[in-house]
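Below is a structure I'd like to ask you about.
Labels run A, B, C and D following the written order; every chain starts at residue 1.
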């Protein structure tokens, strides 16, 4: 495994030079490597352990676990899809060679994180992933420069808290290896230490998966990164955060560690704290997503909300909640990746990501639209897509635990997700096509095939979820969270909740039957006359032929509702306090302190220096510690 | 042979004064010869050279042990690398040679007053270097502060003399100094050396000198800085046996935070790097002040990484600042320089794959082992800020749209050296022991005052 | 008149019992509709209900005079309605221009421009007359005689000619010139 | 196979029963307004008339949306248990959340198809409908979670069985039942909450472009939706009952909702949200608290 990672890292540099010669060859090679990696993750036997070497007297090692397999598989699905997508998409980019290099580094870094057995290895690969992704982000438009800095800083805040926690653990137990830490933590008598450590470790996950206090980078980074890379950011890199959160509550068995800290229906207080953060993220993400006009930022906020779902699910440490949270990783990864790729396609053709400037693209880009449609069905958690299953499990867990407020917030986020996913659907794809986009064409197949493949996977897993539930069940068994019943019952085609179950196949069949019945009814009655919504584009001086209160309208974009889509609702919270502003104020504060120090100590005249020198001597003499 | 390190550059400097046009070749020769000498000296560590047959404690002696050898090695290599840049060196070859002599003398000397003399020469040459490109006001500030610091240093030396009756470091270390006197002595040394070692709030000169022209940061931020921080260790660890280290610790922590925040505020690339080097010096000093073998070793390991990284950063930054009016996106034109710059700044931040990661992480781990939770917290906080401005600069230099359309021809030598050093940083990450082994020896030599004394005393007994 | 199939007969009888109405209220006649809808006369008992858009509507009620500007819109709206569709001309204005017969901008006969199935005479017709007209229209639909929509299709050229003659060609097509 | 027959029965009852009830509702409203009103079968006439017309289609997504809407509604209506375990077509799949989300397929299909028509009125209507959903679903789902928490099951036929021994939820948790009923009115889109379809201001909102059979199919879909919504309420709060009782309770709930709606004017969209997130949501949480504390009848 280690050779694989090192080979990837080295080859990424090689690929830079290949891509310098011809970036298309480089990106094709990337895609092939990625496909090989997907194949490869299935062949590594579980439990394989590889020692990398010694660092500071501690052995660094990789271990192939069920969790690692699951997360690697999901990540690779997203990355490989984007790699294929990039084969064509890259021709709209300025730095294709660097993109090819860094995306391979991101792959290596993330795989390393999922394979890491100890916290230091995890940290090293984590930073590789962060560093390489940080260098891709500023390849986008103007604001992406700032985005990269915000991303790096937020990520660093979390990462260094993680590091602090890791070293606290080390100074107490003398080991970085996660299984051993788990054992030691379970037997540690000091509650405050355990709480501090677990929360510090979780901090990296919080920063990375965009959970509440550190969520603001998602908007700016996802919103401004190169379009296809946003798919990787939201679909894959954010999941690194979920993985670390999972480590902090599941790999370190929080139920055992905090056995004396049970707060409410068996959920320990630190987990509850994390769940509260997750719930706050759901609220913020949903509300902010609803009011975005920039479609990428909209989905960025939705990633905040979905990160919250994952955390809420995992945080409960309930068998169902855990499975739901982990399955949500898969669902959200696929859905967000497809959505961002669809947006990348739109931007590729129209060069704008403002919903208010778009519209009616379904007439020009129907396949992209289909991909987007199915992705949002999954994201909103509507059967028969797989997104429903994870939401269902999380609800089951919340209801079982009687966590009504969290449940209410989860419901709010779920219904809110209908609102925000519909906004781009209506504003970008449906409605009237603005005149300036009348010559827009569908993106080439190499761009839409990856989207459709991901959508198809999500769809199949929604109808027959057992293959994807199996690794999650294995994982859950690893962490010792055993339900009293079989959740994924493939023999009876059932997914079971704490009571009550459902049969995804029946649901799908019913839907198909309903659709067929509707279709039969549809064909029985008179054939419709087609209204050509594109007539104003094709024919000079033709008004649009829909209900206009008798008015003649020749400029279709005037008759398209996409600005302030939920104005009635947005008005209710337009004066909301902004966490982002608060964080900027904090940054400004440090900046001001810097200015103050600069003005008082570094800029003055020689006489002031002399003064400070004298003061130093005086103070030292006086205080002398 | 040790003495040649000091004498040779001085002689060459005098020769250069005679014939101006020879000065640059002489600089190159002297640095090359010096590097060769240093490499040859490897076999004769540890050894003590007694000047003029006046045996210590009465005469001046030069001490070459693991610590000073390493410092001399770094300093001479830096000077050699600087000497390669003819345009940058310009008319300052003579000054550089004098400075080289001063640095070598400062590091090698075993005599307190002698070290004061070399410190003064160092300051004087530093002032001259700083005044390049009409950077007079900042040079003047440095002059005032440097000479004040020198006088403090001298004062401390006098106090030591009154207490010990000798100016020899080994002697000062050997004899117990009264409790009252040592407070004054250490504090005066702290202040005197603190100016060179960029201790807050004595480091006001740094941004002006480092940010003022294209030559002084290359030398001052690397070789001189290394020498000063070496001396810090030598004085406070070897000579005064760990006295006043807690003061140093607190000041160092303040230095870290102040340096990073000032760098965050700074809009000028060179000055940003200058403040960053203040902060790095703070980290090194804090680590030195822990006075355990591992921490001291890591301090010099970190310092080495910092010196390499800073050398590359300043090498690239000075080129950019003095060739382009607007720096947005300049790395698109100078990819190699850009890569070296990025690697060095990443190393400074401490990203894995680069040398800085090794030193920072080891430092953190060591601190936790000794249950010091404050320093790691400050260090990590500082790292976040450091990351903020370095990433900001990297992004600006790589990705912003180019505004200055002028195209300066890529400097091949600069690019080669910076990329080689950058690759060295990656190499250090992969094999940290190439630096860690010598720095461990450095730490041992600095902390083991007994063997230092024995060395010197033995030389006085047995003669050369 | 063509013989209707059984399905068409059933459909026609259904159509007659469920008349969704789009009232094009340009003139004073709109005044008479509220009483027709509300408790006193209650047209919903005949299955007549107001609708918001032409797509949903079956009958179009032109409640008063039409000037050339509104006529364009009426025709536009009429063409947006789904077949089969019926038009009721309401009040004398639609029949002969009413008191505006000599205005330069008012059209006098509606059925030059779109086929009218039922006219209601009077200025103003009372709600009773309106209900009577609905019932008459229902009767016509049931018998399959309300075939204005077919006539419009068959004689489209003629209608178009009349329309252009009265309205003139529009040369600049944008939102401000229509 | 019996499951299929039962499902078909569900659909047949939903179609004939609910569409008649809609006609009856019109009649009731008319009587309240002192009108005679249309006959009870008026809605059948309306639907079949609509189906018989020659419609306009605004593109393939318009067609697809309508089919998806009807398909989703049919699928959901087929799962709903009609008052007892016996009349539960799919006892393994009658999970509350499954029904709620499967139900959303229809809504999404309708929203998509209608906005796909290219009419901004539809888009405004859909935006209102979705906002309204945010309003009423929240208290409803909170009440439902307390119901499910109390009986430890989310399977509807099991909930009916539990009520048979424990008493109707209307008595067990009257606050919850009231909140659910208020939500039900919003779900049905009846009078104070017919913001999405407001014909006078936004030209019947989502339906602005519907003609002929599209209108007819959506009316059928609407009937199935009503069946799902009211049926769920009857099952969950009125204890279901045998098929006959189920239908009787259905009628009672429907008539009650009609009576309330026929005397009320329309909310504005923010007023609706403030209303639902005020008292009903508070009561829903109160109900949840009572359930947690065991203070149920």
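We take it that a contact is a pair of C-beta atoms (placed from the backbone, for glycine too) under 8 Å apart; a residue touches a chain by one contact, two chains touch by 3 or more.
Because the structure is predicted, anything quoted here is derived from the model rather than measured.
Novice: Just by CA atoms, which chain is the most central one?
Specialist: A
Novice: Ranking chain pairs by contacts, what comes out on top?
Specialist: A-D
Novice: Just the number, please: Cα centre separation of chain A and chain B in whole Å.
Specialist: Result: the chain centres lie 45 Å from each other.
Novice: Would you mind pulling out the distance in Å between where the CA atoms of chain C average out and where those of chain D do?
Specialist: 36
Novice: Which integer distance in Å separates the CA centroid of chain B from that of chain D?
Specialist: 77
Novice: Which residues does chain D have that touch at least 2 chains other than itself?
Specialist: Expected reply: 52-56, 121, 203, 208-209, 212.
Novice: Got the chain A residues that touch at least 2 other chains?
Specialist: Residue numbers touching two or more other chains: 546-547.
Novice: Give the residues of chain C touching no fewer than two other chains, as numbers and ranges.
Specialist: 53, 55, 80 - these are the residues of chain C that touch more than one other chain.
Novice: Just say which it is for the chain contacts: an open line, a closed ring, a star, complete, or other.
Specialist: other
Novice: What part of chain D is in contact with chain A in the complex they form?
Specialist: Within the complex, chain D contacts chain A at residues 7, 51-61, 63, 66-75, 78-79, 90, 92-98, 101-102, 104-105, 107-108, 111-112, 115-121, 123-124, 126-128, 130-131, 133-134, 137-138, 141-142, 145-146, 148-149, 152-155, 158, 203, 208-209, 212-214, 216-217, 220, 268-270, 273-274, 281, 285, 288, 292.
Novice: Taking the touch rule as given, give the residues of chain C at its contact with chain D in the complex, in rising order.
Specialist: 11, 14-15, 17-18, 20, 38-39, 42, 44-47, 50-53, 55-56, 58, 80-84
Novice: Please name which positions on chain A make contact with chain B in the complex.
Specialist: 56, 120, 123-125, 127-128, 131, 134, 138-139, 142, 144-145, 148-149, 152-153, 156-157, 160-161, 163-164, 167-168, 170-171, 590-595, 597-598, 601-606, 608-610, 612-613, 615-617, 620-621, 624-625
Novice: In the complex formed with chain A, which residues of chain C make contact?
Specialist: 24, 53-55, 70, 72-74, 76-77, 80, 173-175, 178
Novice: Quick check: in the complex, which residue numbers of chain A touch chain C?
Specialist: For chain A paired with chain C, touching residues are 540-543, 545-547, 550-555, 558.
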